[in-house]
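Here it is, the structure, as structure tokens.
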Amino acid sequence: MSIELQCPVPHFNHETIQMAHGAGGVLSRELTRKVFLPCFGNSSLDTLDDQAKLSIGAGKIAFTTDTFVVSPIFFPGGTIGDLAVSGTVNDLAVGGAIPLYLSAGFVLEEGFPLTDLQKVVSSMADAADKAGVQIVTGDTKVVEKGQCDGIFINTSGIGVIKNGIDISCTNLKPGDSIIVSGTLGDHGMAVMAARKGLSFQSDIISDTRSLSALISEILDEVPEVHAMRDPTRGGLAATLNELAEASRKGIVLDESTLPVRPDVQGASELLGIDPLNVANEGKVVVAVPRESAEKVLRVMQRHAYPSAGDAAIIGEVVDEHPGMVIVRTFLGSKRILEMPLGEQLPRIC
Amino acid sequence: MSIELQCPVPHFNHETIQMAHGAGGVLSRELTRKVFLPCFGNSSLDTLDDQAKLSIGAGKIAFTTDTFVVSPIFFPGGTIGDLAVSGTVNDLAVGGAIPLYLSAGFVLEEGFPLTDLQKVVSSMADAADKAGVQIVTGDTKVVEKGQCDGIFINTSGIGVIKNGIDISCTNLKPGDSIIVSGTLGDHGMAVMAARKGLSFQSDIISDTRSLSALISEILDEVPEVHAMRDPTRGGLAATLNELAEASRKGIVLDESTLPVRPDVQGASELLGIDPLNVANEGKVVVAVPRESAEKVLRVMQRHAYPSAGDAAIIGEVVDEHPGMVIVRTFLGSKRILEMPLGEQLPRIC
Amino acid sequence: MCLAIPGKVVAISDENGLKMGTVDVNGSLIKACLEYVPEIRIGQYTIVHAGFALKIIDEQEAAESLRLWDELLRK
Amino acid sequence: MCLAIPGKVVAISDENGLKMGTVDVNGSLIKACLEYVPEIRIGQYTIVHAGFALKIIDEQEAAESLRLWDELLRK
Amino acid sequence: MKFIDEYRDSDRARNILKKIEDTVTKPWTIMEICGGQTHSIVRNGIDQLLPDGVRLIHGPGCPVCVTPLDILDRALSIVSKPGVILASFGDMLRVPGSRETLSVAKSGGADVRVVFSPLEALNIARENPQHEVFFLAIGFETTAPGNAMAIKQAARENLRNFSELVSQFMVPPAMRAILSSEKNMIQGFLAAGHVCTVTGYEEYERIGEEFHVPIVPTGFEPVDILSGILRVIEMLESGRSGVHNEYGRVVSREGNPVAKKVVDEVFHVADGHWRGIGVIPQSGLQLRDEFAPFDTQKKFNVADIQPDESPLCRSGDVLRGMITPERCEAFGKECTPLKPLGAPMVSAEGACAAYYKYHGKVL
Amino acid sequence: MKFIDEYRDSDRARNILKKIEDTVTKPWTIMEICGGQTHSIVRNGIDQLLPDGVRLIHGPGCPVCVTPLDILDRALSIVSKPGVILASFGDMLRVPGSRETLSVAKSGGADVRVVFSPLEALNIARENPQHEVFFLAIGFETTAPGNAMAIKQAARENLRNFSELVSQFMVPPAMRAILSSEKNMIQGFLAAGHVCTVTGYEEYERIGEEFHVPIVPTGFEPVDILSGILRVIEMLESGRSGVHNEYGRVVSREGNPVAKKVVDEVFHVADGHWRGIGVIPQSGLQLRDEFAPFDTQKKFNVADIQPDESPLCRSGDVLRGMITPERCEAFGKECTPLKPLGAPMVSAEGACAAYYKYHGKVL
């Protein structure tokens, strides 16, 4: 039995990030060696070249980027670190790509605790492991106190797209079923409850997770998927509006089929915020010809992730009202599901 | 004669970034449509999918990331925007790759002026044009007032590496000549002079520029290059120390050959800062077998960039003192060129 | 106006001399001032508006009224 | 201690009642207080330390001393 | 969700709808006073399901909509001073002041904090003793008890860096004003359930009698609203007026006496200036003199507030049920939820926003 | 660069080196007083080029090194108060206090600003009238005129939110202390050129006579330093003592009388506590009583400063030339530029940092 170096290795007690950690000199190097390499290390990253050199099979690749600025950085169900990995992995996966490589760009505020950085970095490494991707290139900047909120992380990602896969938000076809892979609004509500100052609390757990395994299985069994998207910022409402608009089709949802956890529903009532406008970080919306919808659902339900059992067919694509999403209420009336206007603020009225 | 849409198109007077611009809803969409697409638009970006889908020839690709946090964001010779493009293009090029695609991840502070954003974005578009790359995927986050310093930009980049090219900072060979493509310290000094509060001013102009054309020509004519690096943060001192360390070789520099602009030298004396520790953003350090050094120099001098005429062979790689960079002073004595410790602060003593 | 939500009081405390409580709304908890429902007990339902419990919900009345409606409607 | 740099005065002004100047060091300009060299004129060289001009450089003395050194050394 | 799901039951709702159809014999125009009810009506498409002759008119009960422009301009002016923190319900952030919104002021550096309860604003004052903290104490009879309690508590703790910028309104005077208008077409009311939870409905009985209208306090869930509508229609059809309480689980005739007492201790009745509508006598609340140290208006003497309302905005007519939002010339043109000219285009409860979102499109 | 390049001329420098070799007949130990000279010596490898017998000892003239720990601890304590801004030369930011550096305090939220001139600190005070701004007024006779002028100006403008935390030292008393020590081995001095620019060198003449040592004021460029060394050696070889001015382009016998007058107006001479070395009588400057309102020490009564110097650090011995840095047990082990125990490991001019960077490796 050999003893392996564990990530995280070193223990920083009360040490904090200093400007010098970002200045490209001795402390920058120390940070890379003591924090990043033990967690992310791989042959591409270890050379510490300015760029990773990667062999990627011929054909199409997918490329995406996202910056993560979530506050608080530790919340029930995740950290900014695994969110940064899953978020970018998911943006690749929903394009039908197999995620392979990530970059990691950190902006750190001087004074940021090194122990927190280690926790974040190690959660990134875990998430990357689980998603089957490697973090192969990176960058760290340190800014003065008050010029960033602790830590921001950009991840960009590359994946390969198998031949014959053609998934895009412009591809909705009338008759497609719209499927969502589980409950809605968990991430955003978990983060809101974790914020200090709001007098509300909950046991809601963020759904932050990588969708690559789930999606690759869906595509193996149902290659005829037309469009996929992860309903993150702006929630399901933003995602469906974007799909409808990009494809110039209408979408009709059935209100009674929308899966929402009871405590998320409770929080929504409390805060006066529609759970359909709230971010998810481990859910996928799939548009697929109606006849394949049940197959997709079965793949989802078979996967063991929390709320897999709540995956549901929630609506369908129509020719009418292109660019618009309509909800059929429980009473049989209709209302428009608008693109959300802006940030979700708790309201009293 | 057709009238083309120019970038930037719309005119925002006193409008500023609001939280809602980052919330994934209507205002996010407006920002993308009115600011980003007119400047960056291309078939990959225009779909507004979560990821760009790209065809890349078989073989090796290079992948890199950098976040840009420079302050002020407009400085003599550049903006945070063209810096963000050139910086990442250069990190690809110094690996021997032909840069092809970039991502752009923005973090904006609420209250940031939209006119400034437009200037930044349009300088990015110009820089991308010049470097022959496309910005194919992006992301925008807005954070509350006081949680970021106006604007941070992450760019990640992908390029292809031609067969037979093998460039890495681990590749230094004894006998290699070290060449620098022009004057040292211009960018860092230009930015420092542009900062408010320091009672010093100068006409120093940042050297921010893309190196892809220069480097591709060097590699065409001198494929035997062993290592290249752009001496950015930490300046030449950091870069050479990294090369020496990664290759486990020594480097000896000849002090009298180091090209420094007179006004940069003046600023260095004034501020008590060594120009070898100061960042460059359009220079490359090349390690090449001695017999090819003059050829590299000729390619550089032929290029019309400012200070091309100052390109110089500044030192050589030796077997002795591995990991260490030694400067032969004008008096014939030696001193160690250390990895810089941290940020460069003006000193009085 | 006046988004007000029914929930169950699960904890009662004193904060800065005010009677405060935790109200469970479907598993999400909200802090509410109970000064206006001084007689409230843990387990009772109340209606919370902008951080204040405005009234104890009359469970019996609610059940009775629903029963009456359902009866009426069945006719 | 006392990083002090020689430069040429290229502008003279008054700021908050203090005699101030701009000193050109090889093309980079520094703001310096000239209160301690009240007789200085544009074009003259001075030595600047921590934002204050400490002395007008005696150009003649400098030339003469270099000449003497060079002579001595040539012997 | 107990006390919610029962009132979102589709069988119950459909049965009531059926009953409404059976009951109606002629057209009726009913006003739901409360913006929360408006929100529920449009969200659930209840208006689409009612018989053609039954018209719902959205009432003035949206605190965001009626908070006068000068209060907002005052808040903007005060929060722009150094060392001042404004605490506000989230609802107010996008409401247009004369020149900007609180949200835009915040993006420009003003220290604006969203709170959920006036007691959170008190907390901010406790935690920032070197700052002046003022709370934008808006609303109707529902927020008044909380806002009053915060003042009492600040006085008890002698928390001198806390104050409230008060803009409190009362519903009954507005109902009287609507009913007194020559152009009035409202024949019955759904009264605001949570307002009545606090106040009870004795005053409504007087109004019902005086103006011969049926008034039905009811809740906010679809079944509550539908049963309220049914009850109003039944009363109209049978020529009855007065109050019939359909929200018995929280509304009683006397309301909440403890809350009423504290409100009365802290506030006194005064004329109220309703945004877009104008002054309605004795329809507002102001801080009593003994709480002057906690009155933002007295603490910060902001001269030169010259509220500048958009001349296009007809929110007053909309709020009094005189016109529907589409009849405003700016509706959907100069005025959209993205760039609202008037408050009713901002709030999820605002009649103009509700119309913009849910009407006039494909439905 | 005029007045720089001439003194970086390699022919001149080599010729002087040659002349030194020709002149030296026995070993000599010379102290360069000034950290700036130390920096130039190690940067240009001048010590490597001197004949074996000629030893240069780095003197105590590094303001960063000698600023006492209690001043730094006081600064750290004061800047941690809300509403206080500390302005400092960049040099001080990484100097270890008892518990932390200014740089670490800044990263923890303290408002520490780097300035290049005391007048910039005044500006910060003008621009932040609601803040207390104090300037860490450290240094020798070179910074004293600037620091004095800032005080005079603050008094003239009645800028009551500005003050200086003064830690000013004078070189001649330190030279006397070194020469008076039983263990002294210094035989000649390179005097600090810019100190003499201000003060002139009459006092040095007295020291030279009294202790029978040659003292040569000189500049900072290689040719200046080499010619200074040559001159000291010539005087030593020929048994001469007293002052020979090798920096005539800026140093005169009387120095800068205007500057001396202002320094004298604002400061009075007092005992000086040198970090690592201890008290040297009459070697420091303090603000005169009439400027008490601008004296940080009087403004902020910081009790409980218990400076806690690392017991390992032998900076005092290093600064007095008693030991070379390698002889300190912590050198390169507990104490490195990355984690300095004492100030001389921080500054580019600190003897320990200079040794760490340039010695004991491959050279």
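For reference, chains read A, B, C, D, E and F in written order, and residue numbers begin at 1 within each chain.
By our rule, a contact is a pair of C-beta atoms (placed from the backbone, for glycine too) under 8 Å apart; a residue touches a chain by one contact, two chains touch by 3 or more.
Worth saying up front: this structure is predicted, and the values here are computed from it rather than measured.
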Starting at chain C, figure out the least number of steps needed to reach chain F through touching chains. 2
Counting one step per pair of touching chains, how few steps separate chain B from chain F? 1
Shared interface partners, meaning chains that touch chain C and chain E: A
Measuring centre to centre with C-alpha atoms, which chain is farthest from chain A? D
Between B-D and A-F, which chain pair shares more contacting C-beta pairs? B-D
Let me have the rounded angstrom distance from the C-alpha centre of chain D over to the C-alpha centre of chain E, please. 72
Determine the centre-to-centre distance between chain C and chain D, using the mean Cα coordinates as centres, and give it in whole Å. 80
If you average the CA atoms of chain A and of chain C, how far apart do the two points sit, in angstrom? 37
Chain centre separation in whole Å, for chain D relative to chain A (CA means): 61
Residues within chain D bordering two or more other chains: 1-3, 25-26, 31-32, 49-51
Residues of chain E that contact two or more other chains, please. 1, 4, 35-36, 62-63, 89, 116-117, 119-120, 139, 143, 338, 349
Note the residues in chain A that touch 2 or more other chains, in rising order. 18-20, 26-27, 144, 146, 199-200, 262, 265-266, 269, 272, 341-342, 347-349
Chain C to chain E touching residues, read off their complex: 1-4, 6, 8, 16-18, 25-26, 31-33, 35-38, 45, 47, 49-52, 54-55, 57-59, 61-62, 65-66, 69-70, 72-74
Chain A partner, complex, touching residues on chain C are 1-3, 5, 7, 25-31, 48-51
Note which residues of chain F are touching chain A in the complex, please. 103-104, 106-109, 338
The chain A residues in contact with chain E across the complex are 197-200, 262, 265-266, 269, 271-272, 320-321, 324, 326, 329-336, 338, 341-342, 345-349
Residue numbers of chain B touching chain A in their complex, please. 18-20, 22-29, 47-69, 71, 90-92, 94-95, 97, 101, 103-107, 136-139, 141, 143-144, 146-149, 152, 154, 156-159, 161, 168-170, 229-230, 232-235, 238, 242, 246, 277, 279, 339-344
